[in-house]
Amino acid sequence: MARINLENLGFVYPGAESATLDGLNLTIADGEAHALLGASGAGKTTLLNILSGLLTPTSGALRFDDKDVSRQSGRLRNVAQVFQFPVLYESLSVAENLAFPLKTRKAPENLIRDRLDYICDELHIGDLRALKPAALSLFQKQLIAVGKALVRPDVSLVLLDEPLTAVEPRTKWRLRQTLRRVQADLKVTMIYVTHDQTEALTFADRVSVLTAGGILQTGTPEQVYNSPEHEFVGHFVGSPGMNFLPAKALGINDADRAGFRPEWAVLSRANSTPSTAPANSTGIGHITGKILRIRVQGAQAGKPFGLLTVATDHGEVAVRGEFPDAAVSAGDRLHMQLTRCIAYTDQRKVSDIELL
Amino acid sequence: MLSVNNVCLIPNEDNVFSHSFARGEICVVLGANQSGKTNLCRLIAGLNTRARGAVHLDDKSLEKLSPRARPVSMVYQAFVNYPNLTVFENIASPLIARKASNEAVSKSVTDLAEKLRIDPLLHRLPSELSGGQQQRVAIARALAQDAQVLLLDEPLVNLDFKLREALEVELRELLRASNTVVIYTSSDPRDAFTHGDQLLLLDKGKKIQAGPPLQVYERPSSPTAMALLADPDINRFYRDGKLCALRPEHIELVGAGPTSGNAVDFHMQVTAYETNGDESFVHGLVEGAEWVLRQRGMLPVNVGQTLQINAALRDVVQF
Amino acid sequence: MSSFKPKNNRAWLGVLPVLLIVAFSAVIPLMTVVNYSVQDILDFNSRFFVGFEWYQQTLKDPRFVDAFLRQVVFSLTILAIEVPLGVAVAKGIPKDSRFTSLILILLALPLLIPWNVVGTIWQVFARPDIGLLGWTVNALGIPYNYTAEPLHAWLTLVAMDVWHWTSLIALLAFAGLTSIPTPFYQAAELDGASRWQVFRYVEMPRLQGVLIIGVLLRLMDSFMIYTEPFVLTGGGPGNATTMLSQHLATMAVGQFDLGPAAAFSVIYFLFILLFCWIFYTSVVRSDDE
């Protein structure tokens, strides 16, 4: 296990005009579960390959526990990786697969036996030991691949490259939970690379949002979701993403734009006086518009809730929550009282504004 | 009105299916895989199926009519277009088959293409389009037939989330305007509200409940009906020997939930916590059963802890 | 359809040559041959039923037994050389260099040359007096004359077959190797696997399928080899390089012993069938383990 340090890390593919990675700085604590969240083309794979030793950074340094490993091979760094689809030795049994990384390093038999017992116990895969990979489901195979990555007691970093891609949708969450639990139990430094926000936010202690421009924000899942440092983070995380309006439209003067999550609004009919929302003397955080589209998602205590797309004078916004009443339909005017919003200037966060 | 009477939708099942679909309404047929959704569509369209039974459109039997002669059009899960015809020719094909005049053809095609926002693509081949665009073409072609019955067999299931969302809303607006019988099949509970005026729940070839979506949602006739319309599943418990159930979205953490006067309280031993930011799912054990609760936003929950949860009495469904 | 596992499909490819032989050359000819094999044919109008006499005679015939043993040794020898060599060559081909396709074309060249031309090339190439190979070897002080020395003739024949057919195995193996996704290599690297372990545990399991096809093709093809030794050595010196097919041709065409030749053919055919069956079942069994 190790603390991972990226110092001004950069990478340019030979012959490429611009850098794929430029000046990345990031410290991942020993034993941390860290997620790298980004769309395709954000440089996730490149960074992953630098961490695993497949690529050498063209500038800056990669340190494991303060030791510069930029030019060291992955096997010397003691990095293990779980891939998008299960990578196992097909001719070997589950137990032989699990023991493989230890055998290649000539570990003593009793250590191999102990680690195998420990990993099988931790992942609940004892029953599968004698089977060949061909007899396993994708879920089980990927579980074994995870076990193989964790089997070495001296592993310094485990990389997870969208490990749920190939797993059947219905069992994804179980594997996600297993990964989370095992990480917490073993306290292994793990980096989970994904474009899926559920995976990142559920798995990680901290999340870094990566774009072609670099790391836009690193923080806990709550920080990344509730207080995006950069407009792109707000837009990319969340479905639908954050709404952005000119700050002035919400009564905020010292910023360019203001952003709010769809669920940060209390909804009421605009033609009636907004009795549900307390009168706000400053006028901050009020906006009205015409309902364009309705997407009911259920009802609670007789009141439907769901997602509304609303046309305001400053653009379309999406809000999610309890509808003012059951008769709401497209064309009605809606008043939205924001509970909080975030002010941005030059796409960077200026302040969090709590309104209710 | 389209009536389907005493149909056996799944071979070797005893269940029979009868239902009348009204004109000008979209009926979402919701059911798991193998529940008979596709067989229902194929039966109405007259396509080769092992389902047998009577189909009447406005009291006229369709039984003797070949699929081609039926006033029925269908959109499939897979994006089915003529690969060697351009988008324009694809959409125009049913019109040309009806021997419509050139002006009429080009007018209808342009109208439909505009509505489905594929007008800039009219001269491309299907292979040059994205999945979402291909399905738009298939839908436009089905609409061009101007049939009295339109069958949509899980048309959006193969599209990714963002595309789906965009197409869903447009589709509903387009379908509303006509006097057609529209049947939309799906296995996704979220489609029930998005598309349907009417909702029909299908299980193993049997109609288990039908009605306006919200009514079916609030007053499910059986646990199966309730579970079909639940995301991801319902939570069962027993009170006075009776089976009761709660939807995941109706359970609140105590403090945020209703006051205890009109609420039922539970303890949940958390086994898993999942979030995508917008929503959180908490899995856990309640009174020996596996439960899941769904909440907007993120929750301060850790695996292993015991949560105090409650739900409003009026959201509890008793069977 | 789902019960149709890929390995079954591969096996169908394996027996495809036999099926083709059966379909084109066997349905009527085979029945004729079987008919001949149980008769003594003096001329067109006088023939006698002799039962299994020709079979017994053929199996006891030392020339047949010799040719058969020679054939088995030859087939096993070339397989033992061509398969490992082919895999080694395939491993040496760069996967994504701009020379890859050029190398593949060069490799495929021997496969495109007609068999009798191959024989002729080697006949000249290996001649001690004017052939590049023969002359060079002799110049190096090693006496070499494939027309006189049975061992030399053998070595030349094997060298020729290896030259002609290793490419086939190499191309098949290369196709097999390129189908292995790179994460498998990355994982092995991070697991600390040696080059031998990568070959043994990553590449071999994936190559098995194509190699089975390769071995089956080469086994049957080499069992039926005729043209090249005929052109190169004419089966000599003596009968040192007379393989089964040439022996058969001598009997049937040269001596016009139609009955014994027919019995020979049937036995020959059954042997090929038997070989393929043994190979196939043993492969399938080891697959199931």
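Just so it is clear, A, B and C label the chains in written order, and each chain counts residues from 1 on its own.
Keep this in mind: a residue touches a chain if its C-beta (ideal position, glycine included) is under 8 Å from a C-beta of that chain, and two chains touch if they have at least 3 such contacts.
What you see is a predicted model; the values in this text were computed from it and never measured.
Overall, the chain located most centrally, as judged by its C-alpha mean against the mean of all protein C-alpha atoms, is A. Relative to the C-alpha centre of chain C, the farthest chain centre belongs to B.
Here the spacing of chain A and chain B, counted between their Cα centres, is 30 Å. Computed centre separation for the pair chain B/chain C is 61 angstrom, with centres defined by C-alpha atoms. Centroids of chain A and chain C (each the mean of its C-alpha atoms) stand 57 Å apart.
Those residues of chain B lying in contact with chain A across their complex are 161, 169, 190, 193-194, 213-214, 217-218, 247, 249-250, 258, 271-278, 281, 283, 296-298, 303, 312, 314-315.
Interface residues of chain A, counted against chain C in their complex, comprise 52-54, 73-75, 79-81, 83-85, 87, 89-92, 100-101, 104-105, 148. Note for the complex: chain C touches chain A at residues 181, 183-184, 186-187, 189-194, 197, 201-202, 204-206. Partner chain B is touched in their complex by these residues of chain A: 173, 176-177, 180-181, 197-198, 201-202, 221-222, 224-226, 237-239, 261-263, 293, 295-302, 304-306, 309, 320-321, 326.
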